[in-house]
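As written, the chain order gives the labels A, B, C and D, with residue 1 at the start of each chain.
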């Protein structure tokens, strides 16, 4: 299996984290999947991803003190593999794991994803659990010095045959369940280890091997960022997507900063290889964090975010509770012209970038379409121009379509100019 | 209790680590104590310290792979407090802990010390052990993100009342045993946390409080180094000694480097407050490390080490197996003139220091004695001088005694000069 | 000459910088000296220091763009030594340099100081000027890679005999003028060289040597900070005072931060050796910076500043234009009780320090007087206590005098408590 | 002019530095050009580049102390522009500059390049020289705080219109001379400024603008490295080549390290944009450095170097004195198969890399040729394999030609294997 074929375009979907934090349950997942199937699927949205701690009992019982309860009760099988919390995911009782839920998602024509922390549960190591199909025990493969800096559940797995056997047993289980996508956390940047932030690189390789071994095309997504540019070649070899920033939320500062990360990673988007700008905190978010709210992004900022993610080629994962999606937000997610840039056939290129503005172009090598993005990063309305020479030497007088407003445009003397509101953008297609 | 009275001079003693690593047993501790009592006590040597993992079963069973076995079997009581390994310390069976051994040491007129790792056993936290005298359990005081970077046994303790209760229960146990000295590890520099190497400062305070609470004068020694000079005031307030380098061994490079550390800490030696240059790897060392050997230090280097430790005012802890001590090494440890500098009455001062040499003086504010140390740090024989003006303005022509050779000396025109072999030193007392 | 005798207490005086920046002239210096002589001298204030660029022609001609004009016109003699700008210091014409002004200051019973940048004028090096008393030229001693990061006038001087000759010629000139104090800049922390901030250590030694050579007791003050604690022993050997922070101005943030620096340097105050908290931006300041203003410090903050500087043992250099001093500020500077702590006989010691408060004590080894400082660093009124056990074991019930309010006080059950306004302090003397 | 057309393949040529250091003269340049024209031109070698300090008088007069004499005598015109040293470049007298030499090089069918330091001579600034075509003087555009950390000749130029005018006057002069290539130094990584190593980015833009302005296609090469990957987009926009390491010399350690740099920059090779591995220290080098020698690289290492540079797509600049080239070295430089990989049509890709080996492939998008490089980075002979699946999914049994030995080869079961000597490589073309 060539992992670059698992996701021939940047994955689009929904993720439970931004709205539910650790608390999502089966019914809620299904409701979001239903909405996606009914309203978004036709635009390319297809993944439904259950995020962190689906294996924890009453994970929010101490939410005022801890996001993840230290030494809390986790659902775990005899081989040290985490299982869905039966209370929140009743269909998993009887030892069926996520299979019933995955079946349901598949029945809607969608794909099913789960989040995992790299490693093996600390509890399994301290209890000397068996590793399936081997005669070793968990304490022999767990590295007590390899922990996550923010979640207390796991120990890293050693780079040994027995360690690989554990990951094989894990991925085989997921394949049996019907998982199509795993978001592995604490692995892309093990930020606890300030001097060795890629300390789990062997676990990336082991998970890749386990996917190959299980014979199911499971998309591999790595978190958290920022990924290290020095490791781009390694990420491209073993993973499908990897986070290029730390957690992204609905703050202009973070959005503005994303332009710097896209600047750095622009050459690294290709089929099956997607630098990941993180989830889209749109619509209603934050309930599980005890801060339910409409996204704090203005409409201008939301356009800018969608445009940058699409021009750059990032995966799109919705953080919104879909069942509460308003009409305007829905329109943002279903702009076919904007979404048409989201393909590895499009080659993005930053033309200019400073504190005040960013200019990007994107060229579809297949359709020969050309796109231009003018972003106003400043705090005031601004006239922003791009010279057609930066795109193609000969074209001077061109007609363009602005893809949000659907207005037609002309370049004058080889220069495309727009007056843009603060934090807003214009995205043109050359006609 | 004023902790500065617990150790009115820098502690002198023996520590099991350099020779035994994790493996020392009761018989061996006693044999070393017997030797100290017979041959060293009269010179001021008095502490007998059992170093790391006295609570571990067969700690060297995997010595080719691990110094400390991950998830290995530890002796631990119902309150999450570690107990001596019964196999190695038979007198501790019947729940007596170290009391019988401490009694024996005390019967020789010596003092008894133990090593501990800061924190609470990971096992206690995962098993939700009770904390003595409280209704909380270990998981509620253990911090799953606070680990040691090189020993897998413990979690750090949170800065709460219940955390203090745990430390109180621990020190009360040690006081009951008759412990006179604790060397707490992974606390002075929590080097795992590169950006916060003093991350366990609250545990220093809690242990200080627990000592005050237990009403026994237990000397508090903190490891490992290098201690942070920014925290000198805090260390001086709560501890008796603290390591100023990482582990010290028999290598000239490390010894030469110690001059830099003493340079930095010279103003911080006072009664009850001793920056610690670490143990003296003299005589026969290394057996537990599978590298039994005579110290690799030359005689010149051994003199230099003893002289620097004494002039600077560091605690002196012998790493040698005492029962194998040769005559020459014994003479090194029993030079009363050299040892006479080891008192906080003596104020050390570095006069000069570069790659080639170091000049130190020390002035005993009580006896008015003056000492001069000339150290040849270079690789060749070297004429080294010090100007009496650097010591006292008026003295010009003085008589001196070199304290290793016992030769008399004269300053000429206010200059004291000696020709010194590489890595060797001359230590003068002004007569 | 023993440099520790040049300044047996922390120097107190006035410096032109905070009010005049680069622009001060002879008349203004004299007016401030006159005021000092009439109103401050009896309290110990004695130095009158002319700060940076007294050698520059019309130094503020481009003040909107540059603090120091690049390649501007400097007064310079044939030996590459800077001379006072004749326009601003008319008495210096006829080649008399600062001698007439120094004579005037001396006639008032005061002492005269000047600021210099380390090194030799760039212009002298490019013009291959002679070095007095040698056959070398300036280009042979100037190091073109050793520049200051913020002032364009000089190159560093190489560590050679000819380099020493240059500094000797410089200090001889200053001695001839009657200079009592030099503040050498860009030398204590050569912050341009991020990886080697003590890169000019040889120039410190050369200037020390040149002072010894000129046979005049010239106090040596080094700027800017922060000085490196690792170099404390070297600074103490060669200099009289050295800055422990970057430039200090009238901002609470900087004042609060000074507690951290004093915490670090508290053991390093002794006769002739003074860590320097920088000038006191009191009264009217800022004219030369085009920002003339009354100090932005509140009265509480001014008390806190004076108290910390005095308890810690910092030199006191007034930044105020003295002729405009208001009565309240004058009273702040003439509180004899507070100033009585400003002697190396007093040993300062920080007892506690966190974001909310700082506790200091000071003990005069000579008079046996004890002082207690309680500082409220928080933003709200706060009850602050100190336990007498932190000072002396036996004293329990003591009477105290608060040195700003002159109110008497009692300790209760061995605890001294005061309710203190935000940013304010209480300073007690034990009676 | 589109700068990407100035150099449609990675430039190949000769540079005077590795052999001559600062000392090269006209006759020597011509002799090397003659050799290139006769023996190398047909293989694509075409640039003849005069490296650093061609403007300095007797630059090696103090070679034992300085590589570049501080405040040494430089040839400079009235507008602050450096001119060739007349003694070494006699044809430049009469004010002709490098025109006669450039004409000679051109007459051989070759191209002429020069090295410059960014900025304006310090001397010009201190002397307030005029800037051609403006009414400003050099002191107004020179930044006294912007210096080079290792060469004392220049100050950086401010980012102003007058600064641009200076660079325009400079490039106009070079265009008039017939310069085809400039290697600008202290600009790609201004390593003096540890916290801002891209501090001269505005000078890159100004030089780019000046080239556009002068209307001559002058290839822009930036030194020294390592270039910052964060600035890749900026370098690609304004320059033709930029160094990705610090100076490269004939040491295996440096060569081995180059694999890490190529790993990082592999996505950044495209037409007109060439990450630069630096000059090839082959044949006889080092004379100007008083260390004339045959390259210390073994033949295996030389093959490895040539193979990496060509597969990766680096410019090739010979450091050897060409007139002394031995036959074997000549054969190394004229291997047409190896050189055929040196085109931006070839897309390089690292497949694997660790301490022991590196695997690279390269695919020519135009000719569809595929290349495989197996590099043995270890110290022992090693069997190294690559799986054809890493190259193309379907090809299994392929025939290959090893390009150094010209031996034919076969893959077995889809695996290409070779036994390779330490530091050596095999480069295959898929037939």
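One rule holds for everything that comes next: a contact is a pair of C-beta atoms (placed from the backbone, for glycine too) under 8 Å apart; a residue touches a chain by one contact, two chains touch by 3 or more.
Keep in mind that what you see is a predicted model, and the values were worked out from it rather than measured.
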**Asked** With chain centres defined as C-alpha means, what is the inter-centre distance between chain C and chain D in Å?
**Response** 51
**Item:** Rounded Å distance between chain B and chain D, as computed from the means of their C-alpha atoms
**Value:** 56
**Prompt:** Can you list the chain C residues in contact with two or more other chains?
**Reply:** none
**Asked** How is the touch graph of the chains shaped: line, ring, star, complete or other?
**Response** ring
**Complete:** Contacting chain pairs, sorted by label, are A-B, A-D, B-C, C-D
**Complete:** Counting only contacts in the complex, chain A reaches chain B at residues 70-71, 122-123, 125-126, 128, 139, 142-145, 147, 149-150, 152, 194-195
**Complete:** Given the complex, residues on chain C that touch chain B span 2, 229-230, 232-233, 237, 263-264, 266-268, 350-351, 353, 393
